[in-house]
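Data block below; observations after.
Think of it as A, B, C and D in the order they're written, each chain with its own count starting at 1.
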Amino acid sequence: MIEHSDELVQLVGPDGEPVVSEANAPYRERAARYLLDGPEPDAAAERLRGLYRDMALVRRFDVEATSLQRQGELALFPPLLGQEAAQVGSGRALRSQDYVFPSYREHGVAWTRGMDLADVMPIFRGVEHGGWDPAAHNFHIYTLVIGSHALHATGYAMGVQRDGLVGTGDAARDMAVVAYFGDGATSQGDVSEALGFAAVNNAPVVFFCQNNQWAISVPTAKQSRVPLARRAWGFGMPGVRVDGNDVVASWAVADEALERARSGGGPTFVEAVTYRMGAHTTSDDPTRYRTSDEEESWGRRDPIARVRAYLEKYDAWDDAREAALLAEADELGEHVRTTVRAMDAPPASRLFEHVYATPQAQVAAERAAFEAYEAGEPVSSPFEGLLDSPATTGGNR
Amino acid sequence: MIEHSDELVQLVGPDGEPVVSEANAPYRERAARYLLDGPEPDAAAERLRGLYRDMALVRRFDVEATSLQRQGELALFPPLLGQEAAQVGSGRALRSQDYVFPSYREHGVAWTRGMDLADVMPIFRGVEHGGWDPAAHNFHIYTLVIGSHALHATGYAMGVQRDGLVGTGDAARDMAVVAYFGDGATSQGDVSEALGFAAVNNAPVVFFCQNNQWAISVPTAKQSRVPLARRAWGFGMPGVRVDGNDVVASWAVADEALERARSGGGPTFVEAVTYRMGAHTTSDDPTRYRTSDEEESWGRRDPIARVRAYLEKYDAWDDAREAALLAEADELGEHVRTTVRAMDAPPASRLFEHVYATPQAQVAAERAAFEAYEAGEPVSSPFEGLLDSPATTGGNR
Amino acid sequence: MTATAVRPAGPAPSDLPHGVAGMPFAKAINAGLRAALASDDKVLLMGEDIGALGGVFRVTEGLQAEFGEDRVVDTPLAESGIVGTAIGLAMRGYRPVVEIQFDGFIFPAYDQITTQLAKIHFRTAGRIELPVVIRVPFGGGIGAIEHHSESPEALFAHTAGLRVVSPSSPQDAYTMIQEAVASPDPVLFLEPKGRYWEKGDVDLDAPVGVGAAARTLDHAAVVRPGTDVTVVAYGPTVHTALAAAKTAADEDGTSIEVVDLRSVSPVDVPTVVASVKKTGRCVVVHEAPTFHGVGAEIAARVTEECFYALEAPVLRVGGYHAPYPVAKLEHDYLPSVDRVLDAVDRVLAH
Amino acid sequence: MTATAVRPAGPAPSDLPHGVAGMPFAKAINAGLRAALASDDKVLLMGEDIGALGGVFRVTEGLQAEFGEDRVVDTPLAESGIVGTAIGLAMRGYRPVVEIQFDGFIFPAYDQITTQLAKIHFRTAGRIELPVVIRVPFGGGIGAIEHHSESPEALFAHTAGLRVVSPSSPQDAYTMIQEAVASPDPVLFLEPKGRYWEKGDVDLDAPVGVGAAARTLDHAAVVRPGTDVTVVAYGPTVHTALAAAKTAADEDGTSIEVVDLRSVSPVDVPTVVASVKKTGRCVVVHEAPTFHGVGAEIAARVTEECFYALEAPVLRVGGYHAPYPVAKLEHDYLPSVDRVLDAVDRVLAH
């Protein structure tokens, strides 16, 4: 008989109360660095305030971005509202050498990678498809085609294996790869194939699924009739469910999975149970498909309020700190606003740039025709200029 | 804690000995009709001889087809050698109203559906892509693109649900759908998507996976690092492992799964552990990738010899019966040979037939041009004859 | 299964009069789907978010409430699964109408469409018909992020067994979706999403071809007669072509005949050829990249059929050999009235 | 990353002399792959059954034994997974060469190829290069069952970001596979499986273009000069075109110039145009269906560039608008020498 657990790992409850159980003991131990009733309460408080700050700033960013969209400065924005703990918790468990493949809502993870959050905006302003250099923070650009990047993450991890960067025991070198995706994504064949490839290769990859209860208007129950974490068992890898609104538990579960990956223990699937408190994107209207009761009930499990309550319970937060954080948030908001408003459309030549890494005749000809047309001097034969390229001779036949 | 079992259901062992255990007790009860130490040994012997006959005849067909390929009468043939028990056992658990989506090796299932096995041959002779009427025996044509028919089966089962033919309690009406595929197929995204759609719809479908240890040259261990039946657990459906070389156990496990489907209990995944004793197809050369040791060891688990031994152990088989069966097999072989040799290439007009169900101008024009060319009178404008088709007027705009 | 009746349009939606002035394109499709659902209970809609939400463009709005969750089905998020199960449902006698949420998300279903849906009729020697419609909001011009503005028609039109059509007006949208549902062949139904909010008069009693008569689905339409140049367009660019024709007529009296192709597989060659034989000049306009695009087939075929009538080579106006650009550049990428007129000038200059 | 060096071919396989007479096509690819594996340890082969079995056509025979299981990788049976993980490996600096077992099985990977592999360079503004090669045995003529004889090139050539090439001789197979591996852009490498057993002389020291010089991969080749008609072909039909040219010359002295396109994306327009401007007539030959096929692009482009030089419309010879037929009919379906000559006669009759 094989035993599996559906139990949700939770370390701090919705009202900020510590959660202590036999089942979560190993995670409590792992997460001691953030636990206010742990061995080093002061240092823990300092660290936990860091996570609290992360979440508060990320939320400010989110609110700011949403209102920029309302003002017509962005074409679209997918808010992460409500998912801050899952993202900041898992993101803070990463090491700088780890590599992340986000979906399109991982602004909180971007923050933990050290990205300037304004850099997330070009794609939503319609001025770039990507928007940042993935190599700068080992944070890949957003992937919009649901689930397809799970395979990229797996392949990348297979590359890491070949590079000998797994299980060396050198904490500064061993590396893990993380793919973030949603509950809806678990239905895609690509995600299942990724689980399969990762398992048989024992690849150092963590599949971090934020089950935010909805795939646009479709509830998770229409994607799976059992908890999503079980999916992993069927492919032969651990599947762990964590309270994704508990930043400490999210950190602990991610930390364990990442350590397993880096040390050669193979892939893990994490289901972070959370809630998309806002709309799917700024184009969406959730009142069409879910009740305000549901929204309110999840509102009471707000991941940020929870940490605040926990900190306050242990006298580790005060008004002065709150005011300072607020000021920092205002500054971030201001920075994002200014930067976004200054983002110009690229020149039209961008239409033709980077289509290929090496020169390509079709692109060159069309670009020439386009430029001539723009200049009011259309050419009828843009390929003519290319006529000097030598034809290959036939070789031996 | 959720518990699952990897245990292999087995009722008759490799040497023909009855297998009795606490775990297989429910299956022994279900399969009593075939058990020689059960409540009705004579009737059981009669029935089991039926399964033995099925397997023996199917094997003869297989050998015949393979030699027809060697003689150049077929372009290719995928033998089922070694998988007779899995196919006959599951096939005999079907009712006539059930609907089967085979892969390309399910000649044994075709037999249990009442098909003339010669009808399986046109596709391998290169004279038809399909070759039989799926509606005649509720047995779909073969699907060659690995795994894609798992979704067709699931959709078909969703149609059966909508038709109200599940859980009515009327044994003559309730129906199940079965998709057959191999171990390699489980890696395909389509198969995972099928498991997902089937589970959330609670569709009356059985996924019958014959794990014959190889996907051409790739061993099952390269598709999954855990037993394939576990795959099902992750999608929220029962996954059962059965000794696919034990025809009685294969019958019992399939019967249970089919009954679950028909009665509204939803989908099941069966992993029938068996062995492809021959080549992948007549084009394949297994000596390149597997050892003769392995082949010999599985040879000792031959599914047909096992039933013979079991029957003999209970004095339920004799030389006269064997001789009669041999004669029947000879007759079948003769029938297949004669029929195959008489299968002509279709007329060239078949190139253009059935491309669409309704007339289509491109096909009509190309067909006209082809016919003119064949007649030595090429036309330059085959579309001209179509010029009388009236153009639609613009409607209101 | 090749009945040739032309039946009246399905029961018109009860809350609408039978002739509707100024009906938006998306609502016309909605009305057509509703009529199809009402007239045949084997018709099902399937897709992501098409139920309570009514689809991200609200094309299926109200239909789940009216016809129930078994007939207007919110599926799991898996395009291959959607098309693959639709095939199975069609084998069981249903007529699934599948929605792919956006053009750029059809590709996970490509194998099921190209290798299964398109070919099972041929493979079974006509024993199985698959009357599956795949609705895809396609094309650009809505300021969207990547994958939400592509025009993949050429990637499907090459495959035999599929019909690939695109309506350009609310009336055609209303009629053609019903004809597509009635078609025994699978139909890729491309909806020019940039036109969803445009209005037109819709006659809800317009006849709908069923069975073989659904071949009206194959027909091109001369939507503006002219004598100097033929402009061939379909879907979103018909509007552009008409605007160009009007501008040309107003500005220098050039008379452009606009042919709305309506179907890119098959192509109504006789209608296009008749026009080009008259005008002697032809420009093809589509949003998709021209390289290996639908315009190439039109140009090649027209040249073959009208070689001596042609005064100039057939020119193509369309997207570039590049991925669909960022929203802020899409107006440089999409065929504009000016680019169409530039091509018209060039064929006239020959 | 646009180095323009032309490097000598990779270390030649040790068991072969450097000039090999009568080397089979499949063996030439094998030698090219071996050279690529030997010269750059970031090169990996991935696919179904390519290891111990050496692939169903034995193209990778012996390579796993020589380079190990980490570099010649038997993957799970999942094409999307193969291409998707190859993309990830390429992001990590590897140069995966993926084998798709047969043309008809590439479609499950279509989304990964079209939407990811082709576009990530553009999407990341050039920050990520994906030097992935997808090898596909394609085309018919081997008497196989369905899905084993298709020609899907048009379904890929329309998509920007991919290069789509096909060698027609063992020498080109040997050189071009190495250039494809060296290319910083993804390459769909179509191997005419019906020619796998044909032999040709191969110079194992032939120069291999790397970096920008790998643009030799883009070049068409005039493989037989002529004056009356240009026949454009690629992959398997080059052989057919050459046979037709020989027959025509022998029978009535018609002089056919044969252009081996080698690349269908991009198309070497100048080479084709120069030929057609000389001959005034053009026939395009491919196995894929002509409707919306590669020949349409060639015909449209050639007509645009050579309008006044053309004496006749460009004709296309290819497959029909139908699924690939059963083996016993494939010789009626495939372009034959006779069908090519028939088209040549028709363009000459104009």
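Quick note on the criterion: contacts are C-beta pairs under 8 Å (C-beta built on N, C-alpha and C of every residue); 3 or more make two chains touch, one makes a residue touch a chain.
Quantities reported herein were computed from a predicted structural model and do not represent experimental measurements.
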Comparison of B-C and B-D (more C-beta pairs in contact): B-C
Chain at maximum distance from chain B, centres defined as averaged CA atoms: A
Distance from the mean Cα position of chain D to that of chain B, given in whole angstrom: 36
CA centroid of chain A to CA centroid of chain B, Å: 43
Centre-of-Cα separation between chain D and chain A, whole angstrom: 39
Touching two or more other chains - residue numbers and ranges from chain A: 128-129, 145, 187-190, 193, 196, 200, 222-223, 355, 360, 362-363, 380
Sequence positions of chain D contacting 2 or more other chains: 75-76, 78, 80-81, 104, 107-108, 111, 115, 122-123, 146-147, 160-161, 265, 291, 301, 304, 320-323
Of all residues in chain A, those that touch chain D in their complex: 128-130, 133-135, 140-141, 145, 148, 150-160, 162-163, 189-190, 193-194, 196-197, 200, 353-363, 365, 380-381, 383-384, 386-397
Chain C residues within the chain D interface of the complex: 80, 104, 107-108, 110-111, 114-115, 118-119, 122-123, 146-147, 154-155, 157-161, 264-265, 288-289, 291-297, 299-301, 303-304, 307, 312-316, 320-323, 350
Residues on chain D engaged by chain B in the complex (per definition of touch): 48-49, 51-54, 56, 74-78, 80-81, 104-105, 107-108, 143-147, 291, 320-323, 325-329, 332-333, 339, 342, 346
Chain A residues within the chain C interface of the complex: 75-76, 123-129, 144-146, 184-185, 187-190, 215-218, 222-223, 283, 288-289, 345-346, 348, 350-352, 355, 360, 362-363, 366-367, 370, 373, 378, 380
Touching residues on chain A, where the partner in the complex is chain B: 1-6, 186-190, 192-193, 196, 199-200, 202, 221-226, 230-236, 239
